[in-house]
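What follows is a structure written as structure tokens; I'll ask about it next.
Residue numbering begins at 1 within each chain, and the chains themselves are lettered A, B, C, D and E in the order written.
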Amino acid sequence: MSNTTVKSAAAEHELVAAAASGDFASFKRESEPLLTRLHRFFHRYPTAAPAIVLLMAVLVFSTLIGDRFLHPFNLSLIVQQVTIIGILGIAQTLIILTAGIDLSVGAIMVLTSVIMGRFGVEYGLSPILALGFGLFAGALAGYINGLLVTFFRLPPFIVTLGTWNIFFALNLWYSGSQTIRSQAIDAAAPILHWTGQSIELLGARFTYGSLMMLVLFAIVWYALNWTAWGRHVYATGDDPAAARLAGIRTDRILRSVYIVAGFFCAVAAWALIGRIGSVSPQAGMMANLDSITAVVIGGCSLFGGRGSIFGTLLGALVVGVFRNGLALSGVDVLWQDFTVGLLIIIAVGLDQWIRKV
Amino acid sequence: MSNTTVKSAAAEHELVAAAASGDFASFKRESEPLLTRLHRFFHRYPTAAPAIVLLMAVLVFSTLIGDRFLHPFNLSLIVQQVTIIGILGIAQTLIILTAGIDLSVGAIMVLTSVIMGRFGVEYGLSPILALGFGLFAGALAGYINGLLVTFFRLPPFIVTLGTWNIFFALNLWYSGSQTIRSQAIDAAAPILHWTGQSIELLGARFTYGSLMMLVLFAIVWYALNWTAWGRHVYATGDDPAAARLAGIRTDRILRSVYIVAGFFCAVAAWALIGRIGSVSPQAGMMANLDSITAVVIGGCSLFGGRGSIFGTLLGALVVGVFRNGLALSGVDVLWQDFTVGLLIIIAVGLDQWIRKV
Amino acid sequence: EDKPIVGLITKTNTNPFFVKMKEGAAMKAEAVGIELRTFSGKFDGDNESQVQAVENLIAAGAKGILITPNDSAAIVPAIDRARAAGMLVIALDTPLSPADAADATFATDNFKAGELIGQWAAARLGDKAADAKIAMLDLNTSQISVDVARDQGFLKGFGIDLADPKRIGDETDPRVVGNDVTQGAEEGGRRAMENLLQKEPDINVVYTINEPAAAGAYEALRAVGRDKDVLVVSVDGGCPGVDNVKAGVIGATSMQFPLKMASMGVEAVLEFAKTGKKPEATQGLDFVNTGVELITDTPVDGVASKSSSDGLDMCWG
Amino acid sequence: MTTENQKLVLKATQLVKRYGHVTAIDGADFELREGEILAVIGDNGAGKSSLIKALSGALVPDAGEILLDGAPVQFKSPMDARKAGIETVYQNLAVAPSLNIADNLYLGREKLKPGILGKVFKMLDRKAMHEEAKAKLAELGLLTIQNIHQAVETLSGGQRQGVAVARSAAFAKHVVIMDEPTAALGVKESRRVLNLIRDVRDRGLSVVLISHNMPHVFEVADRIHIHRLGKRVAVIKPDTHSMSDAVAIMTGAMDPNEHPAGAFAA
Amino acid sequence: MTTENQKLVLKATQLVKRYGHVTAIDGADFELREGEILAVIGDNGAGKSSLIKALSGALVPDAGEILLDGAPVQFKSPMDARKAGIETVYQNLAVAPSLNIADNLYLGREKLKPGILGKVFKMLDRKAMHEEAKAKLAELGLLTIQNIHQAVETLSGGQRQGVAVARSAAFAKHVVIMDEPTAALGVKESRRVLNLIRDVRDRGLSVVLISHNMPHVFEVADRIHIHRLGKRVAVIKPDTHSMSDAVAIMTGAMDPNEHPAGAFAA
């Protein structure tokens, strides 16, 4: 190929540019003052805002209430109290990372808890199988959401608003609105109570359910940050069109996320049975908004693609610490709700501020 | 200016282009078959989908139930029953058109209803003033939302998730969780009951509240389509950055939208008092999701900038017709919820399908 | 096809109590040849859905309405309209406010139900009642009538000064450790119990609004090994609850009779449809007392009670 | 020919704008004369767009002064600049996709119905706007619009660019600023825009044109402002400097003062 | 010099793609030879981007056939095309803004750790990816990346374009397709991309370049595919046709068959 003749076609002024020094689209950068470095630090650690709020909350309540609040047992109690919302929060985080939202998490949880209960207690199925069926049902429910989102291209908000109603109705129908007693479960399917058993550590008492929650957070953190799937989840949430063109099968990723989320809702159901002992069709009514609250306090962007799974853990803990601390201080429940409302705005506001400085 | 010497600088090949025929970026368009024209029709009338669903629902229920359903009284009853969600739906539509979402509509409504009630009944204020105070409080609550959205740049979902908790707590605190009785209102502030009074028209009974709702829909339709403000609301929701560069003061538009929405929530409170007679601090808990349901069935895009206000009216009516029709057919309430869930998915699915053909 | 219609409007369709009530009404309706339409609120406290249900029943041309009101006062105007349309309205479980806004009320005497478990708890503790530590697990923040009546009844039975008997939580007696809300469900019961235990680890009496809340509270107690030395009392008498009495989870519970309320209600509507006769209130009360039975396996002097085995024959679901 | 003592329409001195740790405008000067086409050239990231955003009210500079017709102005929003007769085509277009062409043309400067309908009910005069929009577009020869009610989102990229350009040309009273108006355009379409720019200038308005296309710049510009690392380093004329000179200065390969004609040759 | 009987790498016949009432590809043919730079030119909306989307799996054509090395292929997604060695820089970039440069380079082709960590735990080998990314970028001379961990959203438009171009050049085994890669770039940056394109061709790969810049096209292209109203109307060579001829054909001002060299001169 006659490279030289071709080159000569280039206008003279362009060749001048080729000779110019400097990098591709380089631009000036100021030497970095402290504030800037702080800002970059926060930008790199997006969980900074909820961590700061959590720390401050703990400080405030321990001076206000003292030992009773800081007692290892009370601290582990808070962890127990956030277990359900924490696990649902994992599901919710995954969905929100893909720029979706899941209003059906609570409904899937209560429906699968009833399935576990009835399969284990009434049909005399092997308890492990009952648990397995429940987990499978959760994944299936998630798959239905995922299919509606990817195949029919319906917005996740609408899909899960619909399936929330549907799953809840199915729960009432299937349970006949009957509670399954703790003793019956103990007798027929004790494995469903495993999540409620606990071990003591230096005065703190951790249920297996809450330990399971912590392990799940670690696993999902690993999956999001150290596997290709995780990178694809972020890319899909960030800009689905771009991700598709970059070669990612975004629909497949979305469906997998909904399935995993549904599965986690069923895991939350298991933790729920352990926690309240019985299987009750009344549970989980407010769980959708509570889990979203944990995620947004944790610093995830509702527009997808940005956020850390540990933020959600912190977010759930922040709410838990406040509710517990306020209750111990003898504040009326009414003001607990008020405070949670303020907290949402302040935590997210702080987050925005930190990122923008 | 030496135009001629300048022109000569243009490369020859470019002058060829200038001489070329054809318009700016013209492209081919097929002759239009029926389906295409149908598609364009639907695209122009975005309320087609909810209208079709509504029509079909009415047809089905009138064959299933017959006279009782089609009786003017029953039809006007449905209108009465959708009054509250309809008015809140107007507020919600405005917010959603700007690509926001308002979870606090129900909380603002109940808070302002309590304010109207207490001001009118307990403080012995002039009833008109009590009403005025309530409406003002609604606008103020909306203003707070708008300020948090525009000034602190917080996502509307998060702002209103927070203020929902806050306003609801304020309501419980301010009302002391006490219901204000209908009789007390009749005695001290009958104007609050005006929305509950009705006129009869050919066997149908329309409350002033529901007529007010219809008038409000008409006014907002006018404002959205025939005033500059309306165009700016659409442009802001469509692409805020572009709207700003096009010279629109988007923050001001956003704040005005939140204020108007808050005001409409207070109007809904007035309609609520007329409808249920008393002032109950527990009202409106589910109103946020119900109003969103009406808006999305009505065909508004949750991404902003697209949708029609009359779609929301149709959306509210669709849900009302289904609930009423199913109730008259003696369907268990459980399956009513189930059906509403399906309805949401089907109506929005139909809408997507119509637009994409 | 021209069977008279009777409507049943319950508080929610998640609480087993109301589901049982629905079943009772359905059975009775089937037996006497009347058509039953059921409705419910979306959550405990949801008044609007109930108003809508009343209207739909008017439109359906029902003969009568049985309702467990979510907001006893707020529902009254809608009830007035139903009665003006010639329907018989009967409040079940929870009276309207004022009670005579309904044609009749078939309900547990909720204050009495509370009082019974209060008296039982005080008698069980004997001398120790003087420095008892009591946790009050109520329904929600809305101060609705059942909630207030049971809570205040319990305190009265226990011998505590009520201050305003229409308000929960204004007592100053140091024996009351605190009030928390449960939403009448297990998860709320557990969380409320945990929080109150943190406030006062030596709690030895727990009042609960209903048996689901009691079951949750028990799990919290069991988790800290206090399940054997704390008295849990409750209201309801559902079969799971009575089983819990038998198992020692609940010390005593005041049994209600939802099936009876429902079937009496259906009968009354039928009677009204046939003869126009309205039921009359129990002597000396403004409602028809459907009765309350204290169920416990540790009876105390001065408070009549039945054993859990007897209770299992009478329980409702 | 523009002469050095011609009236200054828009002038800015020592503008500064920082984004976090990036200084997008670093003490930039700017001068636009009456009835001229001033091209602004510079590397990617040199700060050209930021500069014209500051001039058109789309961003508020951290420091510096802007003079319009000799009087200091402080634009708080693009609306303020528009009111002063400055129209801008931004690099990212700034049209509202779901609104139609006429609505977009009149966005932010809607016409109201005459009489009570307009005064009290604030009713839009849609008919008048659509008629005028049609007339304006026809007059500019830019678009034979088939349907002025068409939503902008249904137009091709080139057509959209046309709407944005037409809007600025139609409404400007004083200054038109265009940020890379031909970047996405084909040869034919680019040509039309260049012709339009000349037409606008010939109407007596001043035009600021940002472009990376040197032949285009040297074809239409009266003067060329060269931007480098956030500031103006030279102002040249097509007849004093060659394209190679311009590129050399812009990329830092040549010290503008070393050119025989000097750094500020115009 | 490419010769007429050189091997065909990518060939498409009678492709059709409709969007509602718009026919974006209207029976288009396409031929890419081994080791050549083929430019594709045409008016805005002519269907160039749609054509290359069909070739790279980003859209599935309604009709027509695509042959890769003589064998029919049906790409269901860009991933399929990539696996076949075809890399594409789309007009709208296709990078994930919140991921860093290395992550973006390896998006969809991540490397796993060796051994059990990779096989069972599917653990990413981040270190290896980052090292290799650095090496690749350095080798291409495109970027002296200060920090490969930087999120792409913090880069300037030009730098982002650089990442996208580098990605395609680094991983292509067979064909690189670039849709207006220099549209947003300055003179200097454009130059680098053109040089890169030649380097890629010199490595033996085939390159498809869509551009509106005729001088660039005539500078680097071996052959030029002219697209008009959804189809290929001519294929010419820089030495048979002038720029004016190309533009005349592209805009419809000249019937390509009337040119002395014919419509398919290459």
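General observations
Throughout what follows, contacts are C-beta pairs under 8 Å (C-beta built on N, C-alpha and C of every residue); 3 or more make two chains touch, one makes a residue touch a chain.
Molecules present, by chain and UniProt name: A, B = Fructose ABC transporter, permease component FrcC; D, E = Fructose ABC transporter, ATP-binding component FrcA.
Owing to the predicted nature of the structure, the values given are computational and were not obtained by experimental measurement.
Shared contacts of chain B and chain C, meaning chains that touch the two of them, come down to A.
Of the two interfaces, A-E and A-C, the higher number of touching C-beta pairs belongs to A-E.
In terms of the distance between Cα centroids, chain B is separated most widely from E.
Here the spacing of chain C and chain E, counted between their Cα centres, is 73 Å. Rounded to whole angstrom units, the spacing between the C-alpha centres of chain A and chain C is 37. Chain A and chain D have Cα centroids separated by 47 Å. Multi-chain contact residues of chain C (touching two or more other chains): 13, 43, 141.
In chain A, the residues touching two or more other chains are 11, 13-15, 17, 20, 22, 25, 27, 172, 334. Across the assembly, chain D contributes 43-46, 156-159, 185-190, 214-215, 247, 251 as residues in contact with two or more other chains.
The complete set of chain-chain contacts reads A-B, A-C, A-D, A-E, B-C, B-D, B-E, D-E. Per the touch definition, chain B reaches chain D in the complex via residues 1-3, 6-7, 9-11, 13-15, 17-18, 20, 22-25, 27, 222, 226-229, 231-232, 234-235, 238-239, 241-249, 305-306. On chain A, the positions that touch chain C within their shared complex are 68, 74, 77, 80-81, 84, 172, 176-179, 181-183, 196, 198, 205, 207, 272, 275-278, 280-283, 285, 323-324, 327-328, 330, 332-334. Against chain D, in their complex, chain E makes its touches with residues 42-46, 156-159, 180, 183-190, 212-215, 247, 250-251.
By the touch criterion given at the top, residues 1-2, 58, 77-79, 82, 88, 90, 92-99, 103-104, 107-110, 112, 121-124, 126, 142-144, 155-159, 161-162, 185-192, 194-195, 198, 201, 215, 218-220, 222, 238 of chain D touch chain B in their complex.
Interface residues of chain D, counted against chain A in their complex, comprise 18, 20-23, 26, 43-46, 214-215, 229-230, 242-244, 246-248, 251-253.
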